[in-house]
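Scrolling down, you'll hit the structures one after another.
Next, two complexes with chain A in common: one pairs it with chain B, the other with chain C.
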Partner chain A sequence: MTSSEQTIYPSLDGNISYIRDKLCHTDDLKVRHLTYRGQSSALIYLESTVDPTLIERNVIRPLRQGGDEDLSQLFLTLRLETEHKLDQGTQSLLSGNCLFFTKDDMKQFYVLTTPAKYERSITEPENEGIIRGAHNGFIEDLTVNLYQIRQQISSTDLKVHYHNIGSTAPRKVAVMYMNNLADPAVIKKVEGRLKGITIDSVISTGFIQEFMEDQPFSIFPQFLNTERPDHTGAYLLDGHVVIMLEGDPTALIVPVSFFCFYQTPDDYSNRWMIASFVRFIRLLSFITAFQLPAFYIAIVAFHSNILPIQLFFTVQGSLTRVPYPPLVEAMLLELIFELLREAGLRLPSRVGQTIGIVGGLVIGDAIVKAGFVSYTMIIVVALTAISSFLIPSNEMSSAIRILRFPLMICASIFGFIGIAFGLTILFIHLCKLESFGKPYLSPLAPLKIKGFKDAFLRFPIWTIRGRHGEKKHN
Partner chain B sequence: MDQAEKKMSPKQLFLFIIQAQIGVGVLSIPYDLSKTAKGGGGISVVIAGAITQIIILMMWTLLRKFPGMNLFQICIRLGGPVIGRLLIACYIGYFILLGSNVLLNAYMVLQRWILQSTPKWVVLLLFCIMTYYLAKEKLTVLARFYSLSSLLFIPLIIFVSYGLTQARIEYMLPLTEAGLINILKGTKDTTISMYGFEMFMIVFPFIDASDSKKLKMISLSNLFVTLFYTFVVCTCLMVFNQTQLAMIPEPVIYLVKSLNFYIIDRADILFLSIWSITLVCSIASYFYAAADGLAVLFSKKNHQMFDPFVSVAFFLIALLPTTPMAIDRINKVSEFAAYAFVAVIPFLMMLISLFVKKKAGGAV
Partner chain C sequence: MKRGRGALCCTMLGLSTALLTGCWDREYLKDLNLAYSVGFDLTKDHKIKETVELIIPPKTEQSATTNEIHSAVGLSTRGASNILRARVRGNMRVIKNSVQLIGRSLAEEGLKAPMDVNFRDPRNPSSDVRLVVTENDASEIIGMKKIGELQIGEFLTQKIRSLEKMSLFYPPETVNTVFRALTDPGQDFVLPYIGVQGSEIVAKGVALFHDQSFSGTLGKDQSIMLVLLKGKSGGNARFTKTVNLDTSKPIRGSISYNVGNKKRKHEFHVSVTRNGDVHVTLSLKLQAVIEEFTGPQLLDDKAVKRVNRELSSIMTQEAREVVRELQQANCDIFGVGRQLMAYHPKLWKRIDWNKEYRNVQFHTQVQVSIIDTGVIQ
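Moving on, here comes the complex of A and B:
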């Protein structure tokens, strides 16, 4: 980390002042002078990172009472390590340890593990609720998160590998995988890319994601993120690699395919026919979420003869009062919807109701009465909005919501051919995408009919299981 | 590792060849056939399929002699650096010509049916962007997209099958009304829709299968295409009578247009939009072949740097002919070019390869 590797000074004061300097004379650094075996000694800690009762009860009291016993006997309940490099010691102060220097032994000092634990309780993640199944979620503590996964997968093959990322404020990153199931090529890629990250500090998992993606210029997410341990565990058992950051409740899962973003843990606790139906509806929403406005524009502006004659009159009737071309009409309404969505996102629920009233009543009805847009357009935009919320993954849902704007422009210029053009480009792009060397559109392209069983539909579990064996052959 | 990534599976080969083969021709063959073969159009298609199969067999015997090589590398191997490169240049020219011919015909159809007043260069540009975006990738990406867009055949086939509800078998009978000679003549009109299988010669070494498996897969795709064409031709011949057919240059679209699907009218617009995506695959195959040939010609490892040139060439060649006469001429030229480059030259190369092998064997 730093170039100087200062070893312990022979005098107590020298050590204390070195650590003080190192920590820029911060005010929360506490030094307690004590006596041990008749010699003066010092206990150093950062009061903001340690548990004060733990120190009082397990460090200071034994020292006062116990007197001259060996240190390992005195601090029976704490983890005790010896160290002689001061910089290492300073670093461990930051992560909730305290240092014990004594004149009795000036060749080394002791590191005692006394971290403070202020953690959120394990609750269900709010934006990934399920109906049936385990209701726990990840929290901001890596060890607790690992505990939750270990509890689910008690296998000797589950391997965790720690990395430290960030040059000024390093944070711990854990890479997890099943040693016998995960593809070694993927593991090598993940570890290699993690090591390649050069940044001063990692703020969130989004940083890791952006540094490691195959195609950062794509609109589609190439990492699946979840806060659910059961979801993560299922992917681990499927041979995927999971990356977790200390202090962040999000687990990143790679490699993923497009269809992973359309699956929820609920699919596997529902009966398979119902789950298949729901999944089918969700994939249908993929199409309606970004194509419906474009389709409508193309029909109204170019191919109104595609509509059966009665419907044609209805649509035409509602359009006559609208002064704008369909594209402007659609853009207007879509943008209003996006505004409402973004406004409602961060508001507390009491104010959120106001947004609902403003959106539903004022914009929904009044905008038609005022003659800005037609009723049919309201229906189309409402349908798209609902469809875009059907997608379980928030990242994928945002990607798809943005996609409809270019498609709308294509449709307004070339009609159906424009939509065909937009979709072709989109699907070529999806065919090109790879997530850590695995094709993104698998099992659709490359076409694997067997994979359909768990991608489009959800076949009975006994027909899906046993795919691990196949995976190994590939 | 990289080598393994580049290979495509036999299934993908099957769909790849189908996508390359089914192009702009299918819309108009019933019209062409009704002029010569009349009711026996279906028979003409089957014969054309059989001829294609013979050519495929011939190509296969040529290709399996040189494992790990495709057409261009074989050209250099057989013809030496000078003649071989000349031959490659000719092939590149052929691929560019045929590709832009498909492009041109695609524009003609779209202009007639959907985009009446869109300028020609805009439509061509759209197609060029799509094909460029696709063909500049690795072969695996092409194969993935082709297999994906093969799903679009399902609605296309459903659309055409729906026409069977109005079919009258008497329109087609008697099958040999035009006489055997005319039916054979009709075969010639069908061949133009069969092109595309020559892509086989380009992708042959990149398939992850044994030689006999490759032959099996490409024969299957030829069978599929032949059956599909036969089905389309017979349907059209049964729905329209001879006098009607003589007036409808694209009977397939007309057939779809005349159907009533209750939910939508004018299904032809949807049909054409879907069909234009499969056309992109057809053009992209020629694009890829030409760019790959250029890479071999200049001894470069990948074809990415040549792609813009190929794209511009496609665009310009398709843009040039404006009169119906000129378009007809370009169709004729590409037809004859196809005879030469698909049948004659590979045949000669196969003969030479037999000779070369004997000579080499004798020397050892």
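Moving on, here comes the complex of A and C:
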């Protein structure tokens, strides 16, 4: 890293050629030769990163017209900094600044902030739609995102801390928290792990997530990610820490518990009884989403005596033509469903309907008529699929979809006992799991009855949050 | 490195339990052939004849099931089953068995031997299997195959369940409860008793058992009375009696009433006198709802009082008759012996309960009071 110590050359041409070399003679590097105070000077910028009208109106025109005034008088509307290290200057070119070299002052040069802004409009995130409440979402620009959060939480306690991550192409990462609410131990952990990341470049928030997770070998996500400012703001005010990456609309929230993945902003805009009911249904879906196929296999292969007699004959009737064991039947249909789901995700929406027809009619009906699987299996898989889509967080939903395969195998080997063993192992894992030092299964383990108010159900807000401004500790 | 070894260990452990364990008790639903109702009879040469109703699963989801009747004779219950298995298709299983019929001839011999397999094998269901005694051969009833639209097993199950609600048989006697009574010397049991009349299957009342063998029967009204005397009710307990309200004119009206759905007071008390006589106080206070009255009078307060008196005396008479028949059949359904065992153990050790039960003095009293006459008087 000796080259970063390179200070300014005494000659204008020397400086220009150094920067040219440093940027590998890229074609979008522009050098404008101007005169300032009668001496030749140069304005250097990357035309792909700067706003051309800003440069024309606020830099070049004042220089031509203003004549010999002081630079800080000329560029009133732009941020002006002085710098003497050329490599710092080159780096700032990349982030949309332009450099101004004058001949009479060869000890330093000037950095003018003229970045181009091409940003997407603030729209509601597609996969996190809500019925009532704010309909804005994060975009790819960090400052706009921070603006949205600041707008929601206008508190002096909201602290933002920038980090640069990546050795070849560093990207800005913002860590946000409420200084008075967040747990200092968690903040220390987050900052420590962020600093420990050694990687060339960060492509997406998924990278940060994977580098920072407590248990990367666990199937359960330990970061909650959202593109909703209101969701993020609520967590900030609850004392959580938020990590955002420049150029990525996803906010990562830590520490989280299992139940966070089952909450949506809608829960708090609906009336509490309705919200409680919906949340209860959602937690019920956690059970059906991965246990239903296993349960079915266990019944059909081991414990058919628990079926009521009428159901017994219905199930038996639909099974008589299926030639292989229930596990194979279940695996086949689950895999077909996963194929359809993945295909539906990749296809453009105009072709999407085709998938519906293929899935619903061709596979759903014909596969039974052909005797590959039974109708009851289709019902089970359909219920499972619907339950898995009830989970608001896509990451949790995928995790649970995968979980049902090992459980199905357990059920096919040992029946109900197998399911019991599988679930025991799963819950031992969940109890042991931590997200940044906080127990994952809180408030269930460790047991905090008070926390149930906002975990299984959604009690009226005045009972969840202290009335007299007591803060909520997680 | 350490983690890798742990993961390897776990995988090996999982794989070996999955693949190496030989004991696999799985049984695919589609391979099962269900024996829904089973009947046992005693043949003339003292062998057991087992008759089963096999349910054949439908070919498609929409069509209905069909049934087949098979029977075989063997040395014992399981022996007959094994011979049956050689005859019927596939794997005959009794896991959803709902009713077991026992022919009267076999019941007279005793239940322990034919029921042994039911108690011994834990995979045989016991808690929801109704036991029924048949007047004729059990094979004759199961051989009817279909009653109307219903298959025989389904018909019998439904019939017994509905009669339990009418207090004809209550509480439900299943293989489980019978096993308990069989092993208890101080308690006997009764089982539903059915027979064939023409092409119909009718409930005849209950079959009384002493220890393990059939020892007598009670009629239908008597069966309901027995349930009430036990202090139980299946929900409804209906009687129809004739009463005479006017002593001057011989106008008689029949009255139907229900005592099963209101509160009852039941008193059962066993006492022993100094000289070792056992006295049992059995008193019952019933509240009746009039469901039908065909007499010409109105049931005003005065008439109701009279009806109360009449019904109480009729019911007391009947109750005493029931108790007499129970004693004759040596069927200790109330568990008097159990009370003696618990509170008078010295006496219990001294006496031969099989003989002494007939000498127990029952003081039976039934009191009926009408509390509702319906929407008209």
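Here, the second predicted complex is superposed on the first by the 462 of 474 C-alpha atoms of A that agree within 3 Å, B and C clash if a C-alpha of one lies under 4 Å from a C-alpha of the other, contacts with A are read in each partner's own complex, and residues count from 1 in each chain.
Convention: contacts are C-beta pairs under 8 Å (C-beta built on N, C-alpha and C of every residue); 3 or more make two chains touch, one makes a residue touch a chain.
Every value quoted in this text rests on a predicted model; they were computed, and no experiment measured them.
By the document's definition of touching, of the two partners only chain C reaches A:Y375; chain B does not.
Within the superposed three-chain model, A:I409 lies in touch with chain C and out of touch with chain B [touch as defined at top]. Looking at the shared chain after the overlay, A:A301 reaches chain C, while chain B stays out of its contact range.
By the touch criterion defined above, A:T320 lies against chain C but remains apart from chain B after alignment on the C-alpha atoms of chain A.
Look at A:I309: by the touch rule set out above, it reaches both chain B and chain C.
By the touch criterion stated above, A:T49 is placed in contact with neither chain B nor chain C. Residue contacts after overlaying the shared chain place A:I428 against chain B, while chain C stays out of touching range. Note: residues 305, 307, 309, 415 of chain A belong to the chain B contact set and to the chain C contact set alike, using the contact criterion stated above.
Across the interface of their complex, chain A is touched by residues 3, 17-18, 25-30, 32, 34, 36, 55, 57-61, 63, 65, 95-96, 98, 125 of chain C. Of all residues in chain A, those touching chain B in their complex are 185, 303, 305-309, 414-417, 419-421, 423-425, 427-429, 431-432, 439, 441, 444-447.
Interface of chain B with chain A (complex): residues 1, 8-9, 11-12, 15, 110, 114-115, 118, 123, 126, 129-130, 133-134, 137, 140-141, 143-145, 147-150, 262-267, 269-270, 272-274, 276-277, 280.
The touching residues of chain A, when paired with chain C in their complex, are 217, 299-302, 304-305, 307, 309, 312-320, 322, 325-326, 375, 409, 413, 415.
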